[in-house]
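We just call them A, B, C and D in the order they show up, numbering each chain from 1.
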Amino acid sequence: MILDTATAVAWIRRAYELVRADEARLTRLDTAIGDGDHGANLTRGLAAAEIALDEKQPDSAGQALITAGRSLISKTGGASGPLYGNGFRQAGKELREEGDVAAVADALEAMLRGIEELGGALHGDKTMVDALAPAVAAFQTSASATLDLHAAGQAAVAAAEAGLAATVPMQARKGRASYLGERSIGHEDPGAASTVLILRALAEVTAP
Amino acid sequence: MILDTATAVAWIRRAYELVRADEARLTRLDTAIGDGDHGANLTRGLAAAEIALDEKQPDSAGQALITAGRSLISKTGGASGPLYGNGFRQAGKELREEGDVAAVADALEAMLRGIEELGGALHGDKTMVDALAPAVAAFQTSASATLDLHAAGQAAVAAAEAGLAATVPMQARKGRASYLGERSIGHEDPGAASTVLILRALAEVTAP
Amino acid sequence: MKKLINSPDSLITDALRGIAAAHPDLAVDAENRVISRAQPAAAKVGLVSGGGSGHEPLHGGYVGYGMLDAAAPGEVYTSPVPDQILAATQAASTGRGVLHIVKNYTGDVLNFRMAAELAEDDDIRVVSVVTNDDVAVEDSTFTAGRRGTGGTIVVEKIAGAAAEEGADLDTVARLATEVNERSRSFGIALHAGTVPAAGTPGFDLADNEIELGVGIHGEPGRARGEFAPVRELVAYALDAIHADRTVSGNVLVIMNGQGGTPLIELYAAHAEAAAWLAGRGVTVARNLVGNYITSLDQAGFSITVTELSDELVRLWDAPVSTPALRWGM
Amino acid sequence: MKKLINSPDSLITDALRGIAAAHPDLAVDAENRVISRAQPAAAKVGLVSGGGSGHEPLHGGYVGYGMLDAAAPGEVYTSPVPDQILAATQAASTGRGVLHIVKNYTGDVLNFRMAAELAEDDDIRVVSVVTNDDVAVEDSTFTAGRRGTGGTIVVEKIAGAAAEEGADLDTVARLATEVNERSRSFGIALHAGTVPAAGTPGFDLADNEIELGVGIHGEPGRARGEFAPVRELVAYALDAIHADRTVSGNVLVIMNGQGGTPLIELYAAHAEAAAWLAGRGVTVARNLVGNYITSLDQAGFSITVTELSDELVRLWDAPVSTPALRWGM
């Protein structure tokens, strides 16, 4: 299994479906410690990404991710739009034509770097990084052990879920939740929750 | 028993006590079909009347009622202030020094006219007039039959209560309640309710 | 009930202190409860208005060059008392007579009438204009008649401009009457406001209910309706206005918030009003969108439509400098 | 949830139509969602701001002579997107560079940064000033830092006046930075506002609870407190401001309503602020009382205090003509 153009497009489409289906939950999480728009933001951004993919008909997996990233940046708004958008752009640049499991591992690594560089969040700041960073590590470990894209994707989802759970006791130091100080403790970070969905979409579309 | 200066002052004081004790109910009635301030208005106005009586130390029953009426006019605000105020002023002008039951009947008649002239309300418009008019009539009837001020006062209270009850099915044509049109039906008129209290105060202070 | 107050009893006094602190152009007579211009006008017809508090910026917010000379704020939703109105009238008087602009409520009308009588004793000539622009209330000689609402602001602005230009009392009064006759309003509430002294909302509405034809005192409206998109609510209000007085020509529109409505929603409502009017060939020559005559924290809107003439446009555009309306200076 | 909307999805579009209808001095680009001056300024530094909607009159209400050239309103409480900010920047550009006035929220900062990069591609020089006046949030290089709130209005007014006078981009940016540094704000909410798309209030408060140190997006504050008389609430807010930056000299005070607070209550609050400041020998040289930066229908207030210099007073007093601030013309 490789991540080719069709699979990359399917990844974005599936991410949109999963986010849309869970929009209310993401909004609820963001209402608790943010401003209650994360579900709406990401739904809007991914809807725009889907339209852009339809229009653009990308001819490589990298192009697909760059196209999705650009429209996430220009259409989402909020913090998560530029962050995820830059993440997908960097992943696409890294991936180029298409990629096997090792290339996807590098692309996810680039995604993480793209988010970290733009947002400046460190591990433990209670952001999407706390789900994505362990997920990328788990993906890499599984990739080198199994050489199986789907298995690596599943490992990434499991690690992201654990990372999401780990955000609960954290006190936020970035994003709107940081304004709550200690009151941000005890809640899942909405961006970490959406990261789980995005990775689940990848695992699903790479199922054999 | 005659209505002398001390009794006239006691009437106003007792009216203040009764209104204050029932302020919440008057407000509730006014909230239902008006603007919810009748209790506060009348409490404020009668408190001012009491202070004015303390300061002025009137030397006749008529003066006492005129003093109370003037301060009701200048301190109450709302529709009820000028109406009751003018009512008391006219009653005081009619009564002059002091009066027996027949003179008090004339004074109450003057009070009713003072309110009707200023407010222009007719019987059946769902206002204080609907309690006061039958009360004045009952007072006169009882007065000529019994020659007893207290008994006449009690008859007036009973008639005012019946008048108050009669306002329930009426549709208001005057005052704020008129804005509700048919929705004003089914409620006691707050001004009719306070009229009952004012007459009850008269009956009480004229008890032998 | 949570409110930014020290106590319901001190609210008016506290707010008057705040107005005094906020607006150096105004003089606040705390004892008499009168808000007037810090610099009284030279000889001109004086303009006085007043009424219950809770409608801010009405009335104090319209005191200043080009509008009122003095205002008398009563207790919340309660007309001011005659002594107070008399003091305002004295503050506004320069010898050329004083116009009382009175919203048609029994309490206001009676208390202003008493005050006018007292003012005549001081040799101040007073003419009263009673505003009654609210079409939600049936007008009839057998009833208290229509309420005065948003049209009052238009009357005050235009009469104020004429007075500033030197018009005499009868001319200013005639103009005020004309503006009132050209003005119609209708209000719809989504949630009642809370009178501090009462502590609970003036009426209770279920999640899908609204009040149609509310006044400005948290009175329930003429009917309870079902919640609907703003396009339909605005059309309902404009239909009611139009049924009473054909809306045509050049108009002034006030899309007014009742105090608890976000401005973004008022703009959404104004978009619908503009579309409704454009669809009937009516030109919105002038407009205001915002909180101009409120009912504490009531959620909802009212629309006022005044048919303008060229002369009325000119007077509307004349310079004004008050806390709530300011342009041309 | 009852709101004056057609649907949560159409609210921004509908409100933009309303703004276009209400303000002939503004141009509304509905497609790009940009509000700019109908008469673009001649060569001068351009001023652009923007951010989530729901804070009206911020930002569109401050577009006009003497303040902003263009504003980019995002979805409710959501920063605008880079394309939109770029379009606003292009509308504001006359060749002398453009100042971005950005409230410090991660989303706003990131999206404005993206837009600035795109603008540089168009050879438009952009300098960004990030406002962060809210003392409720702990400031630290390890966190997102303080939020930008009411101080933003002061920055926009004063930078706008300087730009109108012909100052160059660096001077205007320096002045904006200085005003931001001189400004501090603190907010307290009694009831949360309701985001239309969410349908329920951002936080729930019991009858005796309030939120201390709320932001402008219905975020819960830094602590929940007990309801108290307005005198104490105002003192709490001013103490927090004073603890962060000594309040002294001549100040500008904005007693700001959060959208669901009656103006009479804001005046009562302003009276307490004036008394608190007078008690410390501070002079309130200028002030605003009203809804200037709101959170939909949230009930509560925020206080902004800016220490003024003579030069800042002069620039504050300079003519301005926008929907929300207008004087001197």
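Assume a contact is a pair of C-beta atoms (placed from the backbone, for glycine too) under 8 Å apart; a residue touches a chain by one contact, two chains touch by 3 or more.
Computed from a predicted structure; not experimentally measured.
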{"item": "Other chains in touch with both chain B and chain D", "value": "C"}
{"item": "Rounded Å distance, chain A centre to chain C centre (Cα mean)", "value": "54"}
{"item": "Distance between chain centroids, defined by C-alpha means - chain B, chain C (Å)", "value": "32"}
{"item": "Centre-of-Cα separation between chain B and chain A, whole angstrom", "value": "75"}
{"item": "Contacts with 2+ other chains: residues of chain A", "value": "none"}
{"item": "Residues of chain D whose C-beta touches two or more other chains", "value": "76"}
{"item": "Overall pattern in which the protein chains touch one another (line/ring/star/complete/other)", "value": "line"}
{"item": "Chains that touch, pairwise", "value": "A-D, B-C, C-D"}
{"item": "Touching residues on chain D, where the partner in the complex is chain C", "value": "1-7, 11, 14-22, 53-54, 56-57, 61, 76, 190-191, 193, 205, 207-208, 210, 227, 229-231, 233, 255, 259-275, 284, 287, 289, 291, 294, 296-297, 299-301, 326-329"}
{"item": "Touching residues on chain A, where the partner in the complex is chain D", "value": "27, 31, 34-37, 40-41, 44, 73-83, 118-119, 173-176, 178-181, 183"}
{"item": "Residues of chain C touching chain B in the complex", "value": "52, 74-83, 105-107, 110-111, 113-114, 136-138, 142-144, 147, 195, 197-198, 202, 215, 217-220, 222-223"}
